[in-house]
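Every chain is named by a letter (A, B, C, D and E) in the order it is written, and numbering of its residues begins at 1.
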């Protein structure tokens, strides 16, 4: 299928990248129901590391099998599937070529006491598994952040040279940030901007609240009257902070929610703000498959019309 | 000998691995009395590092000689023999080709004060000694866990590229876990799952108790009514947490016990839960050779019928 | 364009460097309105890392787009444009060959609590992006300074071998220095000298105050009657401390100021002291483009006549 | 000279090693007055690092000259000479081929405050100096022990690949051990066993006392009635703990003593216990050369008859 | 010029070194007014790093220019010139082949709070700048000493393989040493000995006082009646501790002194003790050039007659 004008425009943002990386971007942007729209919906399944297997999969035990998630992403017409090494190893051959995969390179876990992550995969792993991209989490504000950024630098350099796409999860936390600060607008925008500066092709952040956190930033937000009353305004600001919208920025759907309609409403507001797409994990795979497909269908529809 | 359907099914779980690794899996699954059954009984002798030589071998002094254990594993019809570098160096040539060996890559010791291990061997060592697999211990929950996982990542990547199998011993310990927590069901399942996510081919954990430890997990276990009253139920849960049973999971037989019948009864329950096999060290080599062969024979019989 | 006598003299200072590095020095010294004068005005845009995106760009939102700064540096007739990895990736192809670029290799951020920086780019990045130079910040006096110098050593060695120019930002801070000490004359001169000793081709420091900080240095400054009453005298001293003026030394224009005339007056004094040029970030790109071009024009004029 | 049956038997213990390493073992076992007996007496001169030059050599100033020790080892008919880098560099060419040398790879010193050592030589150094072996010290129980074991792993792997022999000095110390614990029988046997597990070809420990230290070990020593009343019994136990005597184990002669006869008597008891030989430093080179030769002659005689 | 018998003897001390290193030793020993005498006078200019530029050069501002020191060393007929990377880069081409240079590889500074140094150059740097030797400082007794020795090991190994000479500055400091201890005879001799053991070709220490510091050493110095009343006796002891005089040992002239005659008298005593030469920095380049040449002439004369 020939690429669309929208995809061609997006490729123009990544003017420094080699044809290999451009090819993998195209692979994701031309996949599934959103092919050619310039939008992405990604299924991430790394919650087994973060929360453990039962908290992740007991609600819908089919999800214990890694192959379930490949199939869910394919059947829902999503753009890509992201997971840690073992999860991809357990299905990469069977589903080869059917859905672009993102190898999640580092992970934390609920038994750990440090605000760090372990790197559990390599670029060679991503290549042998046929992945289109690597995913890497940084914790801006953490005492490990400089070290994480240096790990990212090494992996991203090697990934780009190998023609892979680099997706960065940027989750603020650390001594200067309280719980509200972690999702404050200025912090979320700063975290997204740092991911862009570090060379991310695709940036994943949480939807910001209307709070502000850093005193020096509060002054600027108020003086410059940066709009932040609605979610759409806040999303627009975060997108602007990613090189004036010249980077793909995807958002999670917020915390695990039971009320599908309000969840979908939030997704709509995020899309209205100009987000490049959604990344939806627990809210999809913890539901029965039919419900999950229905809900993912609604999200895809929102972005198809965005 | 042609592989059986059961072994062929298991190889299917490891679809991402190269023929070298598949070949070494076959070597273990087609070895000894359990050849072709899809089950494994492994003899591990790394207690000299962990507890010192006298505590390990004085009860049956023949065990001071590394060759004793190769012969014991062969004569008992076991699937593989696992030991640290020096133990394998001292018999690998004499017993070459007679029993698959697992080079235990890291070890702790009773004189150490940190919850860490030293890496005492390399992939080049495993290859020159003709091993089929490497073994590596992680301590989920320990302050060294991220570093251990990163050591595992490097060794596992190199091992897989060289066609070796990766066996991970996953032993939870650390600041968030008390003694009961280390063998609680949720923790044991989580530890097994993390080993799978990190890319282990074979996972070794301790049999879990019916306790639960992490508050956020307790809620889920209770809401979802995950059965845990019997050992078989608990084992089934751990196996499910290893990619819905698509990874080989082996269990130790519990603490060093004097009462053989109750020990064997526990092994039976573990096998009933769907375990892939047993890994039995001190409970075998600290007995006189005849008794050890008899007991290992009973364990092998259980798995032959499982 | 043939190089001028002034540029030829400057190249003589860098007698140990290879033709590649000499060529990139020429590229910067023969660029823009100051071509051939032996002076440099550089636009640095790394404030997004240091202060966050809104504090950097909200005042002039055109600056959210990385391409804005390439164009500003070109249109103002500047010598070079310096920025972190992501900022250069987002424009390096479009503006290839139009303005020499300096890849800023390390950066701190306002969420961090350590006086360190993360290295976020590599020499391979600088080469693939067609950069003429790398930029690296050290914090003399910080507990991370030895480590930073060793990072600089590695990057500078690789950069020089690849024919790149090495620009060092030398910003004193740390346990022995209070706020006034960080810009004291003896400290500023010491910081500049250490950058020269570490092998910098171009040194960037802040304009010093007339204060002195280290007791052992105060004694010498007073005994030797080193002039420091005027900014020009202080600049002359810093330049002398960089191998008797045989290294290019550029100065920032002081803190973010609203009063353009007094800012320009300071630049004039710095130029009078024998500075090799100016490096002006926020004071240019936070103004509307016309005002920025006018102000940069005045700075360029000062150095054209220096 | 053809190797003897005893040496052939010993080579059989090292069945995993390449012909290069076997050749260097033969070189040591076929050197000097003990050639062919399967026993070794080694002269180590690393006390300059540990205690400083005057404490090491002032008693017999001829020893300040590194060449003195090569000649002493040769004239006394010893099996090998062990020393740090500088000591070997200062005589390796003059005495090339006359005595096997062991390059001591790491050393501590009396000015240091950490229970660690610095690695001061490389395998490339050992090879260019024509050494037959490397020597490496570990401190089981020290907080640096895991790191030391990992240094040993790297060096030993490279040494074995290059055909060198690996000699490990295993000296217990650290938070769990008081002064008596460092030489307690269970600790000494454990330290020797860990060196064997880590892949040492030759193990050097101190002669153990009849004390026991670790509570869990005391229980086993008492229940199993492991004999420890005489030095010979204790040595026999340590040798058994080194793979049932299938590793060469050499012992120092105890602390620096003035009374030669009691020193020799201890050596006799150690030999009676089945030790592979002695390693005697200060007790030889701090005496006048004639006395040293006489005493080394008595030690050699003991092992010739052992 | 054919080498002299004295130089031939010295080369014999370095029997393990390759022809490249021997050639660079000859270059230094056959340079300037002391050519062929077996003695060395070296000009070191690394005080800019240690004390800052004004404290180093304001007294004689010609010294701000790196070329001044090359010329001073040449005109004074010295054996070699030692300086950090930037200082050599700024003159190495102009003075190529006129004076052997020693690249000082690591440096501390007065703003730092740790008893460590930063490595600021590489062997590749030494080779591209045409150096004959590298210089490296260790702080025996410092908590960083093991790390420094390991840095030295890596650099020295690479330097020797590349045919360079290794000069070690050995300056004791750390928790066990008070100010007097740093220059005590036993400590100075120990520091020099450790540099020799670590493989130094040329050792630089401070002239020792008649104090003793380590209790265990005091006992030996007193029992063995090691002479230490005169500077010449103390120097002779330090030289003996460097492999019985088979390593080149050079001494600084003590603290910065105003009284030239007493300074020269100390140099004479050091030479009388058998030192291989002097290394004189601030005491030469902080004087007017004529005075410096006169004083260096007196030092050279002393060693010419030694």
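The rule is simple: a contact is a pair of C-beta atoms (placed from the backbone, for glycine too) under 8 Å apart; a residue touches a chain by one contact, two chains touch by 3 or more.
The model shown is predicted, which means the values in this text are computed figures rather than measured ones.
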Shortest path length from chain A to chain E (each step joins two touching chains): 2
Angle, in degrees to the nearest 5, of the Cα rotation that carries chain D onto chain E: 70
For chain B paired with chain E, centre-to-centre distance based on mean C-alpha positions, whole Å: 58
Separation of chain B from chain D, taking each centre as the mean of its C-alpha atoms, in whole Å: 36
Residue list for chain D, restricted to those that touch at least two other chains: none
Overall pattern in which the protein chains touch one another (line/ring/star/complete/other): ring
Neighbour-by-neighbour ring order, given that chain C leads and chain E comes next: C, E, D, B, A
Complex interface listing, chain B residues touching chain A: 13-17, 140-141, 143, 145-147, 149-150, 152-153, 157, 161, 172, 174-177, 186-187, 189-190, 193-194, 196-200, 214, 216-217, 220-221, 224, 226, 237, 240-241, 243-244, 246-247
Complex interface listing, chain A residues touching chain B: 48-49, 51-55, 58-59, 61, 64-66, 84-94, 107, 109-114, 116-122, 124-125, 128-129
